[in-house]
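Both complexes shown next keep chain A, but they swap its partner, so chain B is in the first and chain C is in the second.
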Partner chain A sequence: MAVIANPDAALQQRDPGPSRSGKDGLWSQIKKHRWNYVFVAPMVVLLVMFTIWPIVASWAYGFFDWDGFGPLEDFIGLDNYREAAGDPAFWRAFGNTFWFAAASLFVQAPLALLFALLLNNPRLFGRNVYRVLIFIPVVSTTAVVGLVFSVLLDTNRGPINVVLTQLGLDPVNFLGDSTTALATVIAVETWRGLGITMIYWLAALQTIPAELYEAAKIDGAGKWRMFRSITVPLLAPFAAIILLLTFITSFNAFDIVQTMTAGGPNGASDIVQTYIFRYAFAPTQFIPRFGFASAAALLFGMVVMVITLVQILVVRRARRRAAGLEAAR
Partner chain B sequence: MIQNHPVTRRRALGLLGAATTATALAACGRERPDNEPTAGGSTSGSSAAGSVRLALGAPNPDYEAFLTEQVGIFNQSYPDVEVELLFYPPPEYANAINLAFTSGEGPDVYRLTGPSPATNMVNSYRNDWLQPLTPFITDEFKARAFEPGTWDNPAISGLYVGEDVYGLPFESMRYTQLRILYCNRQLLADAGFDAPPASWGELREAAAAITGSADGAYGFGISGQNTVVTVDAMQNVAGPGMAGIAPINYTNGTAGASHESYVSVVDLISGLNADGYITPGFESWDAQRPIQEFALGTLGMYVGANFHAARIRETNPDLEFDMAIIPVPDSGRGGYQRVTGLNQPYWGMAKTAQAPEAAWALMDFMSTPEFQSAAYSALALIPALTDALDGVEISEDTQRLLEIMDESIRTAPNVLENGLDADQLLSAATGAAPTPNATELYTRSITEGADYAGPAAEFDAAFDTVIDETVTKLQADGLDVDRADLAFPDWDPLEGYAG
Partner chain C sequence: MTATLTRTSADTTPTAARPPRRGGGLRRQRSMGRAGRAVTHAILLPLVFLWVYPYAWSMVSSIRPQAETLLGGASLIPDELTFSNFERAWEQARFETYTTNTVIVTIAVVILTIAISALAGYALGRGNMPGKKIIIGTLIVTMFLPKGFTIIPVFLLIDSLGINNSLWAVILAEAGPAHIMPILLYIGYFASIPRDLQEAATVDGAGYVRTFWSVMFPMARPVTATVAIFSFIGAWNAFLVPLVFTLSAPELRTLGVGIYAFFGENSIDWGGLAAASVIAVVPVIAVFLWLQKYFVDGIAGSIKG
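Now for the complex of A and B:
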């Protein structure tokens, strides 16, 4: 292996350093890294076209009474925002969206961890088969999952209600009752997304060296103690990322809601995405309201951003406090 | 010459790409030259030449096969006209047309109807997409068997904006708006009924009897996601015909959600649900589900559209059913199912059409009894030309549909009669209607048993205020609108509106 005796000197030799003129410096930097820019450029162009531009454009659309057709002419200031903020249906959809998020964090993620712990056991017979079975819903088309569950849960002839009836119980109107529709869709979505969260946890679990468990076992530690003192502390750094990913994924429930209930009955399972979709793309009685839909989307984004910021501040303060206590010890 | 272009991802991306580049090019002049079409009208086979791009949202693949075949026939008379057919799935149609016009690649002739009102004749006119057809229309053309009054009564014709014609019909307007009570003959007979119910009282009795007499069958069905179809159809026979999320009573121009006709029909359907005569789980049914349930033989009656009969027969050819007129209130008929014009403007010619003569030749061809007769054979739709079915062997279902159309549909006022600004008032006020809207209120009442009359009255008060505010706003914007634009005091809901 070649060893560079003085790496700084080698760097200085290669890098001409900033020139006297800043312009030349920038140009020489660009020239030096030109192939990097060339390779990155297509992705940047696509990002700008399909991510940045739609986001920025939707900010502008929110200030117009615009149907998505023709020029932006009717500037109405904050009217769309006021209307969305004053619409109880928007806030109900907003609340339902966070029920999805809460279920993903407090039900799906722990359940997935449980399955991951079970399926991480090398002595478990057929564990790869179980892993595949749990992962299959993730790669299934969501619309198909939604339709299949609509059939399974049908009040009149659905197999689940047939079984309930044969057991002497009353059939349950899973998707048609305002009190059960949201919970039902959340349960299906939790089941559907379980596999991917389980894979995250499995990946994290497999970073924990087996030697630690062996050493703990020699020291006489039981399973619970090993979980508490080895697994949990070593999973903790991954948990923040996994929970964040699960939280973000929970905002993609549009297709399952649209196929199972379309937000009904009476808006009971409506989420912000279906609410926006109805105004922008599927109005049945009026011209699309792209401006209003954009305002609703932005309002939702802003509230989520505020909540996230508060969350970051709280976590940071808690960490500082914990660090302070540690230092005091 | 025919070129078929089903919409593929590649084509959609192509259009998107075109949108980004062609905006600049559009300024350079894809505008049609100012050569006005020859007033000679109906183009002779030899004189028309050029290419014509025809776009439509096709509800099913049969349209593609039918139009492809017909273009072949058209080309026998017009060999120099090259027709390119552009088919889009209906949900994507409005966006595709908008994108096409924005990018300067608009079709030459296109379908004005679709699931979104964005491409309808008035909105297309507002977007400056359409050119008037009046210069093309000859006496010979007018002499064809269009609905009487089509050319001499612009107020109710349905094809006019102002004094010019901007659309041509294809399907019968009354056919497209028709609502029917589908009844399972066997279930009705088993429940002791030898004919479909004619009144709401009979409907309730039949629903109760069917639910009680057959295991697993229910008397009545309704889509919980689409209650508007059933409620509006039944309201229309109980009072002045109204429709939609923010109904307006055109006899006096006021909000109509709390009108007695709405309240009574909501009470009727809520009662059917409360008594267990509606199939459980209907609250989450989409618009297709009643068709499936009915075809399975587990649903006694439901209100559906014209095309359901063919769907039901396709799904279950052995099912015996009746198509009946929507039952009327026990106190008697209060109105008819409404159409807001004699014709449904189906085809429009783009302002940017490169070869207007050739485009008109195609539109003219599609307005012949031969074409429309072939459309009946291929697509089972009832055409606009009243003689298109002469000499054609029609099915029993079609015969029944024609009878129901005659008995149960009448023309109602169209706000457009009072001008484009009045139509904009209606559109803007409806778009700004308070929430929850009337449809949401009665859906809640039907599915959950919530009170309707009280909240509907509150909705009407709020919506009347919205209408007044919209009038004020539009007047400030310089539009010639007035609250009276929404009122047609001379209209008798028990008679056809004559303009």
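Now for the complex of A and C:
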């Protein structure tokens, strides 16, 4: 994924054969590389089947009123798109999805940085144990995490409410109350994914040479000064990419939402993925609406694609500027 | 610098920031470091408790009698030990089947992912054929497509291949779209192998396939380990894909989907849920602990440009 910041790197390789622009025609080039094509073929076939075709097909399905069975014949033009765009429940799910993204950028990433700074101390006893414990939810089955938390948060007998009651507080219906459901699910998702962001930050921190700090110490710099003048500027180029990765990951909250609330109560914690899932695979009127769900998926997918591409351009520009500064020095 | 944060919270005397005398300053700094570390532990221990508690609760609830769990409470000390939760989950709730399915799906996905991405990574990392830039460019663009938004066409595609309602559906839908990071890792690795080595193999009479299979692929073992653990964890924990493909075939459920269905039907059987959670989560945590070096390396590699 290093390629995110610098896609050209993967392309700039030595040419092992004779120059491509030379006298060889395209056909003889292709013949010369026949084994390369054979090796790359399975991947290309799967890429077309499972990535490119689904994008194309989503566009097409979106124009039909279709339950997924029988031929595509009930062409309804833009009606599905219009219906999705006019459905307050869709926009609610849309907005909630961005709450997940906002929490990942403004809560999870800073919190993970805090953990990383604390755990980057090589003399801290047990730091690997801390790291592993915080990381374990990342590798645990998210669906299981969601279900265990829905028990822990149960209003009547869940351990968390038992403790609240013992402290003399009123029990909170975390997942059943539309004012707390979304925040609760986001909190659990933040808890679950914090470990991976922490590892990103730790990896970034480890690129900072220790000599810099030693030199600064000899110059009499305090810890805060070192943080401000060494850690922050050297971390900045990584911060862009870490925030980008965290942001992209935040759109995959289906597992946790579906298992904790399935989007409820009354859509309070619905996200676009659960909205689509419900229309296509768990319809309340028992007629799946593949066309409509495809349209909704596409509307959202496009928005995310555009936002992500803008971010990538920003990251690349930041990196290039950093590289330019380095070169100018 | 790691003590940065600990220091700002631990240390209130401004003079300590600038040690006036070298010798005394060093000693002071060392003892300050110890105090700083104590504060770090004081911050971390209660936080880490939040990370441990759900696991501790599941473990304990899985081995204490159903009635005790039903009484609720936050206690982590069981009055009595029993395996009845595991027996109920394993036999009556079909978690034996779910575990078998998960193992089959996971192994197949890992093997397919390694095979497909190692082959593609080799061709793209060492070859320089026409069309290579287009392929890599497409891969990179699709990397940013959010997952799960194309589940409907994928479902219909698998359905039209006639393999819906078999584990192959889950395997193919899981292994089909998930290769971008592994391919990029293999491209990077294979591109970095010196050409002399390949030439030596050619001189020895090895053809393209032989060179790959007996020289290059074994050399890429660290990448293979990283890819294996990532795809293992991804496939073991998958939820949306197996959920969609087993909606009408409960006997094909994987563990994550099985637990979801189990809780949907028996939402008061917390003991059974806890036992099922332990069955689902312990193997993947064990594999992670075993191969964590490769896992963490892979993650770290993904942010370094």
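The working rule: the second predicted complex is superposed on the first by the 280 of 329 C-alpha atoms of A that agree within 3 Å, B and C clash if a C-alpha of one lies under 4 Å from a C-alpha of the other, contacts with A are read in each partner's own complex, and residues count from 1 in each chain.
Here is the rule we go by: a residue touches a chain if its C-beta (ideal position, glycine included) is under 8 Å from a C-beta of that chain, and two chains touch if they have at least 3 such contacts.
Given the structure is predicted, the values throughout are model-derived calculations rather than measurements.
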Chain touching more of chain A, residue-wise (chain B, chain C): C
Which of chain B and chain C A:Ile287 touches, first, second, both or neither: first
First, second, both or neither for A:Asn156, with chain B first and chain C second: both
Chain B versus chain C as contact partner of A:Gly168, first or second or both or neither: neither
Touching partner for A:Ile208 - first (chain B), second (chain C), both, neither: second
Which superposed partner A:Ile55 touches (first chain B, second chain C, both, neither): second
Touched partner set for A:Trp224, first chain B, second chain C, both or neither: second
First, second, both or neither for A:Ala89, with chain B first and chain C second: first
First (chain B), second (chain C), both or neither touched by A:Gly68: both
Touched partner set for A:Gly176, first chain B, second chain C, both or neither: first
Those residues of chain A which chain B touches in one complex and chain C touches in the other: 68, 150, 154, 156-157
In the complex with chain B, residue positions of chain A that touch it: 67-70, 87-89, 150, 154-157, 171, 173, 175-178, 181, 260-262, 264-267, 282-289
Chain B - residues contacting chain A, complex: 91, 94-95, 98, 115-118, 123, 126-127, 216, 218, 224-225, 228, 244-246, 279-284, 286, 298, 427, 430-431, 435-436, 439-440, 443-444, 447-448
Contacting residues of chain C [partner chain A, same complex]: 1-8, 17-19, 33, 37, 40-41, 43-44, 47-48, 50-52, 54-55, 57-58, 70-74, 115-117, 119-120, 122-130, 132-133, 135-140, 142-157, 173, 175-177, 179, 181, 183-184, 187-188, 191, 195, 208-209, 212, 233, 236-237, 239-240, 243-244, 247, 255-257, 259-260, 263, 270, 273-274, 276-277, 280-281, 284-285, 288-289, 292, 295-296, 299-305
